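In what comes next, chain A is part of two complexes: it sits with chain B in the first one and with chain C in the second one.
Presenting the complex of A and B:
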């Protein structure tokens, strides 16, 4: 072979044979020597006055990233944000609901008086308007509190510290430490969390992060958890403790979600996505004083209004569909009731009921509308026309009229936590992975987990005679 | 980052001869003569420098990974038009994440005339890791040691002359926020491109077997693509099994880039000789 014609393949095969002769850690060696050279050069060039070295940042970091105090501080912060959200949202939510539902009454009466046909009045006011009113009163208040609080921590520079604290746990499950960052983003929106996984370099670890992101409840699902925790769990305690118990319950549910993230990451990295966790450098950026004006702007305009608008776009047609289903009468029943009855045996198996499953099917485009949809189906089945605007009324509607138990509430919280991602997130997963297989798997894994877990808790509860 | 409004030149700079020769060109980068890349870790003031030079208002994301694309703008210095490319902020160039790939591919395949690595004077050691990785790819590097004011406030003293000597490329102290040192940086970049300031980047040697392997591969790559400026780096990446580099070599992308670069060099030398005669 003459040496004048070297083809690309020659070079690549040569490189491969040379690589086999090298010690396996040669890459690490190079990286290590780059680091040690950088250290030497920097030490020669930089003179530090030692007394100023330990500034406030470092003192705070020692506390918030310490193995002993780091995790408790993290839980306290999470608890504080959720408590603020729960206690603040409750007040505003009732007020908004009262106003919106009485507006609905006004509109309906007006339409009836001027002789608009009953079906058009019903379709507009009991379908579309009621759907919108529900979504706004359930979602807007918690978002207005949660998003600014979350953005505050993000701008402060706390999120990388969370990653630092959780890194070792993710590593143990065979996942990437930066997954804690993408998980944190998931609290805002799972689709955003999926996009944020771009910071993870290894495709294997990135897929784990994508497939498990849905196990942390997004802002669309928080209101469901908050409502159930307030109406059911906290109702059993003295009123003074209500908001603390409710917040504690939601924190508990979030922790279950995090536990499932670890469990599923561990399972994935030992089965379909086998491999070792890769090392990475994580910089802890300096704490910055957050700009309150900017936080309010970006959390209210960019996040709250954006998410609410999306929810309203799905709530309006969903409200219309429910109204139609509830008003197509067949014999002495209606279509919504019939579908719910048909789903009921399966629902009961999971400790839920047919109406909840129907609500989940209608709410596939956006999880935010599950509770509103559920309420509307219950009400559409002939209970009441006006929306229940207080927690007592909700309790009354669910327990006394529709046979809910504590098991229904707990299992619905678990189901809300674990079930399939909303359509937007699934589409995002497809866009990021360019694969139908992974997008499908993301639904199968989460839905499978949700079915399995609720089935188990329901069976155990029944076996022990709790319900 | 509230303080993003920079006035360049500032009042006392008006009298400085170097500054009168800077003209911000915004996005009008039609017929530039040289390409300068801006690399650096996140939060080092890269975009502040970019905005100061081009007069643009690049938005900065505070999330690594949010910015996975590059921004371009132009400036004119000493009557030479430069295209300035702001690369995503990265801590390294070794991994396959999208932001690092954008930065790396541009330095490697975009063949900038010079790469400015913006570093944080208060965290020099971490920043130098990236500087050394950039120097593995290209010789034409100028290190801008930014945030000198913050370093002084923290009681740190940075000796840029020692830094230049160790690294083998110029290191210029700047404070991008106030514009301090920016003129020196620009004239240094020009001098490095013209070859008036010699550069001899410090490089990691590695084990003897590794050196042997590299020295066997480099001639092969050079004979396949004559004139390739970073054969050594390509060899290292091939030894590491980098699929992006393998693809660039097998698809002929590499040879094509080299020949294009060569054509530009010829044009450039012609132009220089014409200007020289005048």
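Presenting the complex of A and C:
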């Protein structure tokens, strides 16, 4: 007895033997005792007066979750945010573009003056710099408006109510109600939407949200959709209605994207992501006065800068490649034209053309540069350009000079909506899932859907003799 | 020139086939070894199962369970005998001590996997057996201990069967013979004594089984009448004494006066009585984290037009649950 020493192993084996005597519910008991202890402390320290704010909260809750007022409020808020983003960003984008592009001119002139060879100047300023400038001017302004507005609703406590309202639809497709929030975030940026899926705590539902996020068009794809809606769809209507028709068309495209999100969620939860719905628990916090300082910090630093930095890393090499393709001449054509011609039969099969496919392939890093790249090839320019300034001139360039039809415009909208995530998003999916398999699947699913849908619409249109 | 090309091709081909570990032959060998190991383990499990049921295992029963032709079965048994895993006693086969140790390891792997698949991966209950069947052969003892610890040392699989401990003990619930059971309250059958075999056969023939909840409705010196609420079972006292029972789990008792949370009407105040036993792992932790502990006051506060989810006021905060979840929480209206 006197010289027995107790080793760690003795303690472990004693604990192991004692474990068998525990009742099965001992974990519940531990949590229960922690909670009752906390309750005691809270009762001693916290005094609750009759709460007027609580009544107000209840009134707001009834308003925002009622079937009559709840859904309109939700659509109105989402519409307002998107409108604010698109129209506000347009002005800022142009300003930033002007500044950045004239800086580029300055740099190019300086390089030319001190006798640096044209190809190095072109590669650096018309390639890499222009790619970066384009991505920053198109991407930064909408994100700086969208993310703070979104975070404002988040801070207010409204967003969980959206998930609460819409969960029944997501339940039907085997997904989680909070996926509605990650989709809303996707309007800002799909990469940010993928990061936002962290709020979904069950792995199966989270993967569904990640893999389908790309069906929501992001800020980078909105300009393409708006341009096409304005030039092709709205042009057929009286000028007074133009902006409404264009907006309506974009909303329609977004709704098609939402329909595809549900369809794909449903398919996934019946095939590769089979399983039962996990615990759905959603906290509905009391409404709070938003903290503006924190909103700005978290939306600008955590979201905007984070996303922009990743996009810039991929846009720089893309800009370089685009410049090289446009400036290597073989005979009287350049490399970009030749690849576009080679891709043309395949593009026509999908109701698109070779230039569009080429633009999408080299714009994989960032969807913002799809339109400038297309314009570059169509106009035979040596660098990405804005295209003609008036809608009529764009229409003329695309339809009369390059053989576009209504089918091309519609299929390009569908393709822009459904095609693979940009490189930034794919990298983010890999980082969030730590799996090449899921990152690859996210590309296969979306690209497959895009090919299939555009192929079908093109075939149907040709069969019915519309084109 | 030509000969060198041929020789190089032959060398490369030879290497592709014969290289240790990465060569085709090695891959085939390790595939065969894994397949053989699976067969051995399935046979061991069958023998263990038969022993627990008190039935004899024979070459025919092994061949039937593993779906093997007779010649292959005999080969398998000879192989297992040579490894010292089984012994033949006439036609009957029995596990050796070593064989039993291994069989328990596989059984433990199977049941821990089932627990994992049901609780953490949330796989439907009818799928977990097949999946566990595939995965049970791949874990080492150390990995199994880790899985066991990660799951919180569960004692039963989702079907209620005991999981062997790491020392290879089956944690059978003790229980007492039903003849010693005093209370009027219902009891759960936790063990059917298989010796003597004649009594065991009678119990099984009567239709009683493990995990059944029963009540003694009549007892005297020459017969016992048990009921599970639907059928009645009549047994001689000597036979009945081979049925071991325990009290129902506490939550099961509490549930009798409770209703599921989902059935509360709007604004109806209630107190949480228990979380259902079928809620384990991830979901249970989530509920407990949110403070849905027994004794907590709760009431539905916000309905959804589409029926679900519904939000409940609990501990001053509001938590929305789908009806599937709310049906797993038992409450007593106050």
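Some points to look at:
By our rule, the second predicted complex is superposed on the first by the 253 of 467 C-alpha atoms of A that agree within 3 Å, B and C clash if a C-alpha of one lies under 4 Å from a C-alpha of the other, contacts with A are read in each partner's own complex, and residues count from 1 in each chain.
One rule holds for everything that comes next: contacts are C-beta pairs under 8 Å (C-beta built on N, C-alpha and C of every residue); 3 or more make two chains touch, one makes a residue touch a chain.
None of the values given here were measured: they were computed from a predicted structure.
Once the two complexes are laid over each other on the shared chain, residue contacts for A:463 go to neither chain B nor chain C.
Of the two partner chains placed by superposition, only chain C is touched by A:28; chain B is not. In the overlay built on the shared chain, the residue A:114 is in contact with neither chain B nor chain C. Shared-chain residue A:330: touches no atom of chain B or chain C. In the superposed model, A:171 lies in contact with chain C only, and not with chain B.
In the superposition on chain A, contact of A:201 is made with both chain B and chain C. Once the two complexes are laid over each other on the shared chain, residue contacts for A:61 go to chain C alone; chain B is not touched.
Touched residues of chain A, counted separately for chain B and chain C, are more numerous for B.
By the touch criterion stated above, A:279 is placed in contact with chain C alone, chain B being left untouched.
Overlap of the chain B and chain C contact sets on chain A: residues 19, 27, 31, 35, 39, 201-202, 280-281, 283, 285. Taken in their complex, chain B has these residues touching chain A: 2, 41-43, 62-66, 68, 91-92, 94-100, 124-126, 128-129, 131-133, 154-160, 162-163, 166-167, 202, 204-207, 209-210, 213, 216-217, 220-221, 223-224, 235-236, 238-241, 246, 249-250, 252.
Of all residues in chain A, only 3-4, 6-12, 14-16, 18-19, 21-23, 26-27, 29-31, 33-35, 37-49, 51-53, 55, 154-155, 196, 198-203, 280-281, 283, 285, 291 touch chain B in the complex they form. Per the touch definition, chain A reaches chain C in the complex via residues 19-20, 24-25, 27-28, 31-32, 35-36, 39, 58, 61-62, 65-67, 70, 160, 164-165, 167-168, 171, 177, 201-202, 204, 274-286. Touching chain A in their complex are the following residues of chain C: 121-124, 152-153, 155, 165, 171, 249-251, 275, 282-284, 286-291, 293-296, 301-302, 304-309, 311, 315, 317-322, 324-325.
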